[in-house]
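Right, I'll just put the structure down here and ask away after.
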Amino acid sequence: MTTIVSEKLKADVRNLSFYYTEVQALKKVNLPIAENRITALIGPSGCGKTTYLRCFNRMHDLYPGNRYDGEILLYPDGMNIVDPKVDPIEVRMRISMVFQKPNPFPKTVYENVAYGLRVRGENRKGLLDEKVEKALRQAALWDEVHDRIYDLAFNLSGGQQQRLCIARALATEPEILLFDEPTSALDPTATLKIEELIMRLKKDVTIIIVTHNMQQAARVSDYTAFMYLGEIIEFDRTDKIFTHPSKKLTEDYITGRFG
Amino acid sequence: MKRKLSSKIKERAIEGILLLSALSSIFITLSIVFILFYEASGFFRDVSIWEFLTGTQWTPLFAQPKFGILPLVSGTLLVTGIAVLVALPVGLIVAVYLSEYAPFKIKEVAKPILELLAAVPTVVYGYFALLFLTPILRNFIPELSGFNALSPGIIMGIMIIPYVSSVSEDSMKAVPMQIREGSYAMGATKFQTAFKVVIPSAFSGIAAAFIIGISRAIGETMVVAIAAGMMPNLTLNPIEPIQTLTAYIVGVSLGDVPHGTLEYKTIFAAGITLFFMTLFLNILGFWFRRRIREVY
Amino acid sequence: MPHDEKITQEIRRRIAHNKFRDHLFWIIGLFSTLIGFVVLFTLIIDLFADGFPRLSWSFLTSYPSRFAEKAGILSAWVGTTLVMIVTAAAAVPLGIAAGVYLEEYSKKNWLTHLIEINMNNLAGVPSIIYGLLALGLFVYFLKLGESILTGGLTLGLLILPMVVIATRESIRAIPNSIREASYALGATKWQTIKDHILPYSISGILTGMIIGLSRAIGETAPIITVGALTFIAFLPSSPVTSTFPFFSFKWLFDPFTVMPIQMFNWISRPQKEFHVNAAAAGIILLLMTLIMNGFAIYLRYKFRKRIKW
């Protein structure tokens, strides 16, 4: 698998298995994650792509009865993200996530973006102002909200709220940004805006995106992995996967024969 | 970025404090049980359980004291019985009406009123029972004594209606609409559906509501202390004055009750009797709910 | 042919019979629901009719006395206020802490189950048993005496289950996506609770607290049991003093009385004039309860509109 990616890696997934109590949801997944590139995960419902994504920031730790096996190595230091001895909070300070349905806090736009910084102990107004503006600009939201950053986030539209969640995730300057079906709850115009945004972001941060929308994966990503029943069926450069898939299962999924 | 050790210690400490707060409920229960048993045991060192449970006179503060608890228990049961006769049927009918019949507007008015009915301080109910209801009842029952079991019993019944009706209604609301539709589709009226289909489905919740009501009646103090009298009386006649377990405890506490005296011990003896009565009810309720769950 | 007609007639009769019962029940149901309204209404009118003559500024500012016209509820409402301060201080932090633990920290094991069973059970324990507990534990064992502190702690224990339940329900209303968003940003459990869970549930908790306090204000039996006096013609020590450090805790250990006890005392007197006083005290007590409950209902309504999950 590693030979497919000839560029510098940000993370390497090695024989990752995951168990929901007794059920095995991920079966020895191997996947290199290229730095400053967008890696997409596609597959039918229940194939394990969201489960896989949530291993990266140890979200599964919030619920009892879950177990990781194998490694996710984060470079440059080589820390194993899923090692039980590694503090999940540390992991989440380096890896951020944007969720499927926009989930801003019932606070002001400013406080939403600033929260990640406050959690790290940063409370100096000058520094916060600077970082909040930078994150909102990166998320292509600054122009629309700069005059109401002290308004409640709930007053923004759905697409704006999702960009706010992206800004919130960016404010802490993460090394990897995880997207869990970020546009499935949005209309086509908002979706397009966010896809463009994600492509601009890759120069600053490594991106992994889970999507059930194949066209989105084809438009946006550099590498694509196709998953089925907890395993990686095929992984390759995006253009190769969508034009000449090597596995029949992949081809069936891409052409819509199932899923 | 390694998280500081001090932050991890702080997290643990906070969890510990919160756990202790949650454990307080166990601590309180244990304290209640311990205090009741400890103080009551002091009583039973001087008085035989046999006399306590079978004696028909309760005059612990007389020169020739008698320690039979039956008059107080019968007083409690008599008033409770009257209250329950009012509260359970009316409470259930109100619940059925609100859940199956009432239009939204009526529900909006009725529910806050029932909440308020439950919120009225019991001393006020006691006042009402003694100085309003008893004189009115006297018009129909001339032999009605000034202190009696009937008046507080009725008032207590009304006081408890909200408890019975709200718990019953909640469990009826939980019955899915499909079950009702099945009945209506066969040509049944609301009345038939309510009584033949909804109530049986909601049975365990309704039984729980009844037990809550009975429990509340048994533990009520001020209404009976004010309107039923302070004279222990072994009788089933509601027009006579009686004293309940709860009223006895309050009556004694109004005076001086130094620690360790006989009076002090008697109120704990009454208290532990009350405790066992409500415990029995709770177990009955628990057993009931278990059985119903098995049947359905 | 006549055979079919007979069956149809039979069916129609059955339907009419059923419908009659249905309508009859509709009437009975409405009538039963009205009983509550009628009683509440009658009670309020009766109380006002009896007690209104006694309501006056001097009634609120006089001590009890042997003369009914001169007797007032000053010591009683001051006592109630001070006891409520202790009750809230005891029940609210403890109740919120227990509620937070049960919703955010506890796992589904036997200990949690035991805690919950106890909490639900305690909600149904007769209030007078709390009085007996307090008598043995606070008055004698901990030697806190027959004081405001004891009274407040007793009522605090009594309303504790209410605060816990209100806290738990408010916390449960917060969607999990908010928690995940907070954790995903690297927040610890306590940070998530402090910055999100508590602020977003505070309105529900406040409502529960007000309802609990309104119940505590009307409680008489446990307070009598712990030795509140029924006739006091003095006030507890003031919490504010004129010398350094300008506040004192002495009032916690002073003897006291509360409004419902004062009303009870006046009802128990044979003289009719005192019954008037009792009614007046009852009006004030009822007003306090109704206002607090009304306020809680209003808060519940207002906050439900603000945060729309």
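We just call them A, B and C in the order they show up, numbering each chain from 1.
We take it that a residue touches a chain if its C-beta (ideal position, glycine included) is under 8 Å from a C-beta of that chain, and two chains touch if they have at least 3 such contacts.
Since this is a predicted model, take the numbers as computed values, not measurements.
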Task: Identity of the chain that, by mean CA position, is farthest from subunit A - done: B
Task: Most extensive contact between chains (C-beta pair count) - done: B-C
Task: Central chain (distance from its CA mean to the mean of all protein CA atoms) - done: C
Open item on the list: As a quick test, compute the distance in whole Å between the mean CA positions of subunit B and subunit C.
Closed with: 16
TODO: Compute the distance, rounded to whole Å, between the mean C-alpha positions of subunit A and subunit C.
DONE: 49
Task: Whole-Å separation of chain centres (CA-atom averages), subunit A against subunit B - done: 56
Task: Per-residue overlap in subunit C, given as positions that touch at least 2 other chains - done: 188
Task: Numbers and ranges of subunit A residues touching at least 2 other chains - done: 89, 93, 120
Task: Residues of subunit C touching subunit B in the complex - done: 15, 18-19, 21-22, 25-26, 28-30, 32-33, 35-37, 39-40, 42-43, 46-47, 50, 94, 97-98, 100-102, 105-106, 114-115, 118-119, 121-122, 124-133, 135-137, 140, 157, 160-161, 164, 188-190, 211, 214-215, 217-221, 224-225, 227, 230, 260, 263-264, 267-268, 275, 278-279, 282, 285-286, 289-290, 293, 297
- [ ] Spell out the part of subunit B that touches subunit C in their complex, as residue ranges.
- [x] 7, 10-11, 14-15, 17-19, 21-26, 28-29, 31-32, 35-36, 38-39, 90, 93-94, 96-98, 101-102, 106, 110, 112-117, 119-128, 130-132, 158, 161-162, 187-192, 194, 212, 215-216, 218-222, 225-226, 246, 249-250, 253-254, 257, 259, 267-268, 271, 274-275, 278, 282
- [ ] Spell out the residues on subunit A that touch subunit C in their complex, using ranges where they run on.
- [x] 57, 59, 62, 64, 89, 92-93, 96-97, 99, 101, 103-106, 115-116, 118-120, 154, 165, 168-169, 172
Task: List of subunit C residues in touch with subunit A within their complex - done: 107-108, 175, 177-188, 191, 195-196, 200, 307-308
